[in-house]
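Residue numbering begins at 1 within each chain, and the chains themselves are lettered A, B, C, D and E in the order written.
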Amino acid sequence: MKYSYFPGCTLHEQSKSFNQSTLASSSALGIELEELKDWYCCGAVFPLRADDIMSLLSPVRTLIGAKKEGKDLVTLCAACYQVLKRTNYLILEDREKREKINNYLEEDYKGDVKVLHLLEVLRDNLGWLGLREKVSHPLSGLKVAPYYGCLLLRPAKEMTFDHPENPTIFEDFLKSLGCDVPDFPYKTECCGAYLGATAKDVVSQTVYNILHGAQKRKIGALIVSCPLCHYNLDFYQGELMKEKSELTPIPIFYFTQLLALALGLSTEVCHFEEHRIDPLPFLGVIK
Amino acid sequence: MKKNSLSPIIKELLKNGTVNYFLAYGKGSFWFKVRPLIIREPVELKNLEWNRFCYPNLTTYLKDSSRSQDKIGVVVKGCDVKSVVELIKGNQIDRENLFLLQVPCDGTVDPGKVENLVWISKLKVTGFEETGNGLEFITKEGRVSVNKEEVFFSKCYKCDFAPSPLVDRYLDEERLEKNQPSIDNPDLYEELRIIEEMNPEKRSIYWEKQFSRCIRCFACRNVCPVCYCPTCVFDQKDTSWISKGVKPEENNIFHLTRALHVATLCTGCGECERVCPMKLPLMELNLKLIKEVDELYHYKAGVDLQSISPLKEYGKDDYDEFK
Amino acid sequence: MEIVAFLCNWCSYAGADLAGTSRFKYPANIKVIRVPCSSRVNPTFILKALANGADGVMVSGCHPGDCHYTTGNYFTRRRLLLMKRLLEFTGVNPDRVHLYWISASEGTKFAEAVKEVVEKVGKLEKNPMSSIEGEIRYEKK
Amino acid sequence: MTTMNSNNLSINIPPLILKKEYFQGFLEAIKDKYELYIPSEEDGVTLIREYSSGDKLSENYFNVSLPIRNLFFPQEEILFKFSLKENYNLEEKEMLSRERVIFGVRPCDILSLSLLDLVFESEKKDSYYLNKRDKSIIIGLGCVAPQESCFCTSFGVEPGKVIGADISLTDLGENYLVEILSLKGESLVNYCSSIFSKAEERDFLRGKNIQSKTRELMPSRLESEAKPLNLEKYFESPEWQKLAETCLGCGICTYLCPTCHCFDISDKRWLEEGQRFRCWDSCMFSDFTLMTSGHNPRINKKERVRQRFMHKLSYFYNRFSEIACVGCGRCLKYCPVDIDITRVIGVFKDEGK
Amino acid sequence: MKKIGVFVCWCGLNISRTVDIERVIKEVSRHPQVVVSTDYKYLCSEPGQNLIQKYVEENELGGLVVAACSPNMHELTFRSVAQRCGINPYLCEMTNIREQCSWVHDDREEATHKAIDLIIMTVEKVLRSDPLYSSTVPLTKKALVIGAGISGMESALDIANAGYEVSLVDKRPYIGGHMTQLSETFPTLDCAQCILTPKTAEVARHPNIKILPYSEVVEIKGYVGNFEAKIKRKATYVDWDKCTGCGICVEKCPQKTYSEFERGLKERKSIDIPFPQAVPFKVTIDKESCIYLKKNKCGVCAKICPAEAVDFQQQDTIIEEKFGAIVVATGFELLEGDDLAEYGYGKYKDILDGMQFERLNSSSGPTSGKILRPSDGKEPKELVFIQCAGSRDREKGVPYCSRICCMYTAKHARLYKQKVPDGQAYIFYMDIRAGGKGYEEFIYRSVDEGNILYLRGQVSKVFEEDGKLMVWGMDTLSSKKIEIAADMVVLANAMIPSQGSKLLASILKVGTDEHGFFQEAHPKLRPIESLTRGVFLAGCSQSPKDITDTVAQGSAAASKVMAMFSNDTIKVEPVVSLVKKEDCSGCFACEIACPYGAIEHEEYKGRQVAFVNAALCQGCGSCTVACRAGVVDLMGFSNKQILAEVEALLWK
């Protein structure tokens, strides 16, 4: 299984853990991720203004790059995934916009690159059973819940990733790693996103709700696929710990970190040092 | 050669009453022509012929035979069997009253092409002989030998012969596999490309020229095995589908309509083009539709008795380019 | 410019009527022939129209799935698709023949469709066999 | 036989030579004054087409696929326009005024014109046809390479030698031998006399030689002169059924025949204007004899095939003492199922009148 | 050739404003066959019609062209005028110069030319029109009603009372439909059972009604007046003639299974009578769960049945019968599944749908009328109702309004408050749609007296936390985010067509709308008829409605049937296809193209040729194109007519 791979800026800088755990585990699973030769900023946010063509150019350039390499394009960062996938959808569906955009580009793009999330690859190409077989160190006993956030799922029509209200792909993933997966209604709640920059109190509230919800359900850790969610849940958790004594630490993992562990890869690729909430005590159970 | 092995079989079938008469090939007026032969009496077998020029598709004589109760035998080539399939599907023949005798064929020769190779009337060809991989034309000025692939009908290169359950009797079974010219995966729609690649203007000029030559002799229609309507639309007196006057634009109504009428029935036997005295490239029209039907609805005519013509069916989620 | 329109009685013709009652304006080049169902439209009618000089032909039926006769327009879709491909192949500009799905409630769509057809056909050079324009046909008084 | 231009009296131009290098110039010159038609090839079909500058004479053509009769008796021809307004006036279709030259007509086709003349001249004169005949100058071109299908000699045609045209050309290889056969021919030659040079004695002899040589090349489809046949008594012969049973009923034989001349007449009308036109029809078509009542006297292929041969070989003779065939061989060359008139003549040949 | 009269209508100013009518009649009169070309202010008026009659008589016209409004408007009018003048109605055609000319064009010149062209086209058409005569076919005065819900029963009763036989089919083993499951009905709050049971009883014992419970229609052939139906009676594995409904078998049966009637709130036995008032009062064995039928063990019921009614060998049987008319009353179902995921529907026990809540309220229900939580049997103190659960949702669920939810939710809340006076009821709503007699009042009473808390806004999420159901929603009036820790949540699920109605539609050859509800012939003027003659629609099979409307439509459908049955024959439209058999090749391409199976085979000169059954043919003309030879032609829209129109327009 060969794919082009679009890491995006964060995975190169902030979240090495995400990047490396991914590369390590996917090669262990026989999924070849080949980083795009030249890729550009995904644009971070999908522009919602009707006349905003410019901010779409760089994702389209990336897609053209992928087109040239002729393989499906895999991404991880929920933001990159959303922007690329929605851009593709727009190009496909909106003839007028397509022409406008192509006017600015050296070569025309028809929206024919398939944009995939690693989870989709696992589900559709490897299959959960296939994954289960590859798991050498099942994470049995770990009570982990998924945290989807918003970017992966919405708008459902365009993302077609999973059911927007009742997604299960993460659960299936965790189950095949051997974790036990409790119901977690907060899994699609907002993490506060960029408000962290302007309205910290909002973020700490949302984060509190999520963590508190998890704590009530005796959830030991959450997994995410979004560096921003990760940042909010991990960093702000640290902040909250200071005043909210009732909170117990809940480490936040990138799903690929647990994948790496389950596949028995060395913990280096997981770069736990990046975490503010130290995951080791939690992981102690299996260590 | 083969004709010798052919006649005893036919004789037998006539004798034991398996068939009332037999459609076969007979000696023609010219070395490059054969004459459809209807054999009722064994004596007529003396005119029996089988050679490179047995290109006519005799199944056209089966049109509407279901009206008569005659049991009919036909000498068929692999490609002719396809027409039989469509005739049966169109209820034109009763399978029971039919006896198909298939002769191994690895290509028939297009006299037109021969004419282009050796200008016949100059060096008076008196006849021809088969050599290993070619043909030799015997002329007053000596022998001219040509590679047979050069002079085959284009349909023969594309021959996709496969033994058919419809055939009652094969003439020498063991030669079955040798039943195709030695050209692997031929470009089925070769002829189309040239035209498809023209720009629209050139294309319309091209076709205007072709259609303007038509003299409405209706040979293309009458020879076509799947043009089996007892009265063709264009022969209807009371309805003015086309006016009797021969105008190019009305010619194109005729030819396009005909192409649409045989669409999903045309097996590509090429008789229409073969008989056209004005050399209209009629197969290009039929082939285009064969291609489209294949690509849109994955259907090929003459393959089997079960599959239904896509024009007689519909699909709820068909390809739809209309608003 | 002459454009012949074949409208199915139940959807598109009613749609055209609705365009009328709602006073949506559209070009007068379109001349409607009413047929019960788009599946009544014989491709040869269209060839005939073009050969006799129509600059464009428009066929319109109920939306696939909503055919008054349940399945008629499914046949139309196949018949006209093949025909368009053939026409294009013989050098007839595909913009001369149009098929639309217009329901009885889509008066606006009908008006728009007509405008679109007239515009597209207008872009083509005149059908060589096209008839003389009306004003010449009927001597002014 | 009488032809429009049989006034061969006192032509005092000796045989000439037309160098092939001047040939194109010759055509150009004619075109300046006349409407010019020459055999030209397009998409592998050789037809007589109107000449426009630069057109090449079709190479190696033995004869045109369509006989030249459609230049005199076109497949569709408007006869007149009419109006139903108060004064029901007819508007005659105007006739050819300009003279035209038809180049490269083969001897058999030239003969066919004389047969058509019989039809269109006798009793009722057909002004449409006669006008075209009258306005046409025909340049015949002797055959050098008869076809498998040729049997014109059986009708007294010298394939190499042009008779009955206005000008005769004989291909000498590098140039043509030009003989003037009529005053019309003379006028044409005079018009562009500079292009020709006088023929030497040896050119002339060579020409004659080639003309007679061609005869030797003829295949012998019919060993002798074709005799008019007394087919009437064979009206019920089973042979007809045999002949007809493979016939497809197409119009090739009739439409490609230089002597067939059946036509149909009908009207087009709009409001109070209308026009009447005629167009070819073929006795091989099932509706040829279909009557308004629905009755059809020639309901089967047998009757139609019989009719065609009877007409050519017998009925026509009864009227005009000529057989309506010139041995051009088109019908047997092009018949998709190889129905062969020479075979028919063969079958009944002993039945001379 | 016919003499044609052309009559151009001014329609007051509607046409004359943009079309130069004087010019039109002058130009048209140039047509040799047009002997009359005249105009009038309002042709459809009495004097207008008389004018036409006058001209016809004076000039012995053979055909009429009326240039006026759309034929959909007045074709009938003028064709009957023609008839009055002794001209075959089908020799009268209309030219639409209003809707499709004067109203849509401004340029007088253009509009006038167009009018002329269109009229000439019509003239050419009429010149080629043949007189057509509508034929009649006998009819079977017996009706088939599919679905024995309240609308089906109503239809059946009305038809039966008019003296005609009716067969009443239902896929369930009992009649009465959904109404049997209801507790009380709005706005009167009277008990559903009490008003229903008399009806079911009446239906059951009516001499003209044959009820066929536990049966399904599997095939319909034929046509209006003469439908041939195949009805499958599913095996009940109990001989109902013997069964007395004593119920001993039910007691003894060891196998429990899901109860459709109680919507899973209570289990039932494999052999069971769905509910105490069921008609017919007979037991049925559920073959999915019955131990004997699955494992060939047990068979207790058979052993103990005093009437020896149990018969495991019983097979499905097919009944074949002829009917003249069909009423479709297949009712509705509730939307379920993923579309309601955000409400945790199907995930948490205490989240119920409306029908389940009806069962809770029903005195014969699982809790014998007490409001208790399925999870722990406690009485819910905080109860949240969510309206438009799946309805009016453009993204998922269904886009339409289910029409009854506002009312029954209010009813539910009222019932709840009666039973749990100290409980608090919240209702999330988008709008309150209470269009109906006494409905609005009912809502207000609920709000005022019932002190039920109406919250305008939608719920974003329901989930379990600390043993409560957290309901997150929005009150758009105070624009506050609302969080309620509820004990029970009741959803007003969207109404969708009952499962299998798509299949039935294809069996009946009638259309369905995009949501799968049966398609009426005209949304306003023919809401009871389907597009197939002789098939009528009633109740929720056509669209969501309340009991009142359902009953009304049931009666309406019945009256349509009765109107039909009041004649001994049925008139058949003559606009049908016709085969020129001598030219038919017998390829039967037409047969496959015909959506009505109207093409039949007949013997002609030793071969099979096509033959059109005029009664079946609906005149779509699809066959005419399928036939290459144009041998099948459509009367009234014949090839030569249409070609003439084309040529007329394009004449050079």
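The definition used in the following text is that a contact is a pair of C-beta atoms (placed from the backbone, for glycine too) under 8 Å apart; a residue touches a chain by one contact, two chains touch by 3 or more.
Note that this is a predicted model, so its numbers are computed, not measured.
J.: Computing the C-alpha centre of each chain, which chain sits at the greatest distance from subunit B?
T.: Looking at centroid distances, A is the chain farthest away.
J.: If I count C-beta pairs in contact for every pair of chains, which pair wins?
T.: Chain pair with the maximum contact count: C-E.
J.: What is the chain whose Cα centroid lies farthest from the Cα centroid of subunit E?
T.: D
J.: In terms of CA centres, which chain lies closest to the overall middle?
T.: Given all protein C-alpha atoms shown, the central chain works out to be C.
J.: What is the distance in Å between the mean C-alpha positions of subunit B and subunit C?
T.: Centre-to-centre distance between subunit B and subunit C: 37 Å.
J.: Go ahead and note the Å separation of the Cα centroids belonging to subunit D and subunit E.
T.: 73
J.: Let me have the rounded angstrom distance from the C-alpha centre of subunit B over to the C-alpha centre of subunit D, please.
T.: Result: the chain centres lie 32 Å from each other.
J.: Between subunit C and subunit D, tell me the centre distance in angstrom, where each centre is the average of that chain's C-alpha atoms.
T.: For subunit C versus subunit D, the centre distance works out to 47 Å.
J.: Show the residues in subunit B shared as contacts by 2 or more other chains, in ascending order.
T.: In subunit B, the residues touching two or more other chains are 233, 241, 311.
J.: Which positions in subunit C are in touch with at least two other chains?
T.: 43, 48, 52, 65, 71, 75, 79, 129
J.: What are the residues of subunit E that contact at least two other chains?
T.: In subunit E, 593, 626, 630, 639, 643, 647, 651 touch at least two other chains.
J.: If we use the touch criterion from the header, which chain pairs count as touching?
T.: After working through each pair, the chains in contact turn out to be A-E, B-C, B-D, B-E, C-E, D-E.
J.: Show me the residue ranges of subunit E that touch subunit B in the complex, using the header's touch definition.
T.: Residues 582-589, 592-593, 605-608, 626, 628-631, 639-640, 643-644, 647.
J.: Along subunit B, where are the residues that touch subunit C in the complex?
T.: 192, 195-196, 198, 200-208, 233, 241, 249-250, 252-253, 256-257, 259-260, 263, 285, 288-289, 292-293, 296-297, 310-311, 314-316, 318-323
J.: For subunit B, which residues count as touching subunit E in their complex?
T.: Those in contact with subunit E are residues 64, 66-67, 69, 90-92, 228-233, 236, 238-241, 261, 308-309, 311-313.
J.: Looking at the complex, which residues from subunit C come into contact with subunit B?
T.: 43-44, 47-48, 51-52, 64-65, 71, 74-75, 77-83, 85-93, 98-101, 113, 129
J.: Note which residues of subunit B are touching subunit D in the complex, please.
T.: Within the complex, subunit B touches subunit D at residues 28-31, 33-38, 56, 60-61, 112, 119-122, 124, 209-210, 213, 215-219, 221-223, 235, 237, 243-247, 271, 274-275, 277-279, 281.
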